[in-house]
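Step one of this worksheet: look at the structure below.
First chain written, first letter: the chains are A, B, C and D, and each begins at residue 1.
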Amino acid sequence: MKRTDGELILFWCLPAIAIIWVSAFFLFPGFLHPMSPTMSADAVAAFYRDETARIRYSMILFNWFGVGLIPTVILLAMQVRRMAHRTPILSYSLISCAGGPPCLFLIANLFWLLGSFRPERAPELTQLLNDLAWVTFTVLVPFLIAQCVLLALAIYWDHQEQPVFKMWVAHFNILVAVALAPAAFTALTFTGPLAWDGLLSFWVKNIAIFVWIVVMGIVLGQTIRQQRAEEPVAA
Amino acid sequence: MTNLQESTEQAERKPARFVPGQPDMWVFVLFESLLFTGYFSVYLIGRIQNRDLYLHAQADLDLRFGIFNTIALLLSSWAIARCVQASREGAYRDALRDAFLTIGFGVAFLVSKVIEWTKEIRLGNTFTSNEFFQHFFFLTSIHLLHLLIGFIVMGVAVYQLWSPARRSQQLVETCATYWHTVDFLWVLIFALLYVVR
Amino acid sequence: MTGTFNKRLAIVWLVLTLMTLAYIWLDHSADDDGVYRASTVVTVAAILIALVKVRIIFREFMEVRHAPALLRRLTDAWVALMAVCLLGSYFIGSALAG
Amino acid sequence: MSSPLSRLAWNFRHNPKRELWFAWWMMDIFYQLYDVLFFFVTRVQPPASPAWSTPMVLQWFDTRHYGILAGFGVVFLISGLCAPMNALLAYSMRRMSVSRVFGYSYLIMYSLSAIPGMLVMAIAMTVGALRPDRNPEMIHWLFDFAFLSFSGTMGVFMIGSLVWLVAILIDKNGVFPKWFGYLGLCNALTEVVVAPAWIFQRGVFAWNGAIAWWINMVVFVTYTVCFIVLLRKMIEREDFGDGVLPDLPPKVERSQPDSVGAMR
């Protein structure tokens, strides 16, 4: 028995789940093009009436697989544990962050599903659910930002001959954290890049999350493989 | 090992001044009594602003329950004080008996409290009935919660007294200090809820 | 030794219980044929008796009598603080209520 | 090593306690920002009254419109700071002579608590302020939702404090003084005292009441200040062993190259 047994299984779940996320993303009619916050209550209600089926099926998919990011973050936390730190503070911090984004996303997911459950209700109620869903979805960044910053810090502090991750991974994580930050302020405006369908709050934020998953997935895969190549010799 | 040291130290220091139990518990005692003083002040101020309502509602309380409960807790406090003395003298059998007496009087308080609550609820006086009973049920139940925690604390005391391997006099005294706190808080609650006009 | 301690504790308990029973008389003195009447005297007396009981519990049961001066002064200060807070909120409240 | 800035940079990279100090500072900054954001920027604390009529609630939102939207924006940006804070608290339990179960349980409970205890409130307030022309009753509902989720999230904090207090009381390494453990009981009880906020719309037990809010706040602030100070002491005393945590050396010996002192 090795302590890394099964890590590869969890790791290879990531691309499979990512494919499901991407398909659900395209299936949800409100993401392409993103619904505008300026839509009137009647327009929102009509949207939920007309697109009920696609909203429901895409959100059920998200509900099933939204938490799929957690094993990846924990895999990263396990790598942080191998770094040349004196305390497990940073891996604890990453574990502490892991549940946050999926949990917030599930709240948003719940409001979308509720919205499409009885689309014939009063339009203002559907609009309320839609607002709650979009605000929650857009501002779910705090723990993602913390994850990136903590991981970057962990890498900067990993002073050893063969660091677990290369330095550029840290810089990359800082960049992603910066890209995610503007989305926190989405509620300030209904139009422009900050609005929840805008350039910063929607496109930059979601592309940053996507790129982060792809890049960190590849880095993590290489690191795990390297670790497995080294460990039998050590054991 | 440390327990032994502690108890011999305690015996030697007896003529000198000493803090019973962990001094740390006194932080709790003082902080908690401050907190309850806050609750009581809020209650008294509310009472004065709506005197007739409070007097009218208060008439539904039965002083006998209050008296019985106070005496039950005073008895339990007496028992735990004797328990501390006995354990200090090394009479652990007596100490254990007194500890169980303490728990017994505590249970008597608990039962009588539940009967009183049932009676009040039957009369139609619930937590949401009026302002007086809000305070009544709040203060009595937060105090009862302290009593329930007290049972856990007494469990620690009994556990310490039970085996010769443990018997930390300091822990027994700390537990006693907690239990007396439950007692004196009730003395105040009793006066404020039942007697104050 | 144990004997004297236990005797003292018994007396303390007796005093506390008698003070509790005094409340019955206090309680009846306030009423007017079962109708409750507001009474400053009863209120102040009830609070003061309770605080004296608290101080006795501190000194005797909780053994503050034998404690270092700091703890003795601190507990006395606390009883005084409680008295100030309780009577203060009663009288200030009365003054405000008019 | 001359200017304070280069000393800070050196400490940031090489101080053996850099991770602990990092977490401690993040905790400190989190609470400072928390006060400023909740009390001065958004002005949602001290809480509004649950007894208010709908027009008053609308007016309340109206006077705070940009404060809420911008202030909670910052809250969304920085609430990830709780992660290092929870990690530090979990680490304090790891340093004790108790099972790892305590640290991990606390870590998970407190990372869970941030969402119902703070972020849901921020989201509800944001949506409430988002469209002033929304149906007033719905704004009133969002107002209730926000305050009740904030005050009424009880169990995670209560059980969390209890886990910590049990760890402190049975710890033999002296990581925390026992009185702080007993204070944890007072803090756990405030979560019991706040429960009537779910029942009353006015009076001392309502979510803005003298007992359910003000007295509880005093306890919470006392508790928080105590653990911030005590964690700092813990980091200063930390020797990275697994036995009894040594006491601080007397202050005179500080003339030696003391990297910990320089960090502060």
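Here, contacts are C-beta pairs under 8 Å (C-beta built on N, C-alpha and C of every residue); 3 or more make two chains touch, one makes a residue touch a chain.
On a predicted model such as this, the values are computed, not experimentally measured, just so you know.
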More C-beta contacts across B-D or across B-C? B-C
Going by the average position of its CA atoms, which chain sits the greatest distance from chain D? C
Dist(centroid_CA(chain B), centroid_CA(chain D)) in Å evaluates to 31
From the mean C-alpha coordinate of chain A to that of chain B, what's the distance rounded to whole Å? 51
Mean-CA-position distance for chain D and chain C (Å): 38
What whole-Å value do you get for the distance between chain B and chain C if each is reduced to the mean of its CA atoms? 15
In chain D, residues with contacts to at least two other chains: none
Give me the residue numbers in chain C that touch at least two other chains, ranges are fine. none
Chain A residues touching 2+ other chains are none
Chain contact topology under the given definition, line, ring, star, complete or other? line
Once the touch criterion is applied, which pairs of chains come out as touching? A-D, B-C, B-D
Hey, which residues of chain D end up touching chain B in the complex? 177-179, 181-183, 185-186, 189, 192-193, 196, 199-200, 203-205, 210-211, 215, 218-219, 222
Sites on chain B touched by chain D in the complex: 22-25, 27-28, 31-32, 35, 38-39, 42, 46, 127-128, 131, 134, 138, 142, 145, 149
Considering the complex alone, what residue numbers of chain C touch chain B? 1-2, 5-6, 9-10, 12-13, 16-17, 20-21, 23-24, 26-27, 30, 34-39, 42-43, 46-47, 49-51, 53-54, 57-58, 60-64, 66-69, 71, 74-75, 78, 81-82, 85-86, 88-90, 92-94, 96-97
Complex contacts: residues of chain B adjacent to chain C: 17-20, 23, 26, 30, 33-34, 37-38, 40-42, 44-45, 47-49, 51, 55-56, 58-59, 63, 66-67, 70-71, 74-75, 77-78, 80-82, 84-86, 89, 91, 173, 176-177, 180, 183-184, 187-188, 190-192, 194-197
So, in the complex, the side of chain D touching chain A is made of residues 13, 16-20, 22-23, 66, 69-70, 72-74, 76-84, 86-88, 90-91, 94, 103, 107-108, 110-112, 114-115, 119-120, 122-124, 126-127, 129-131, 134-135, 138, 142, 240
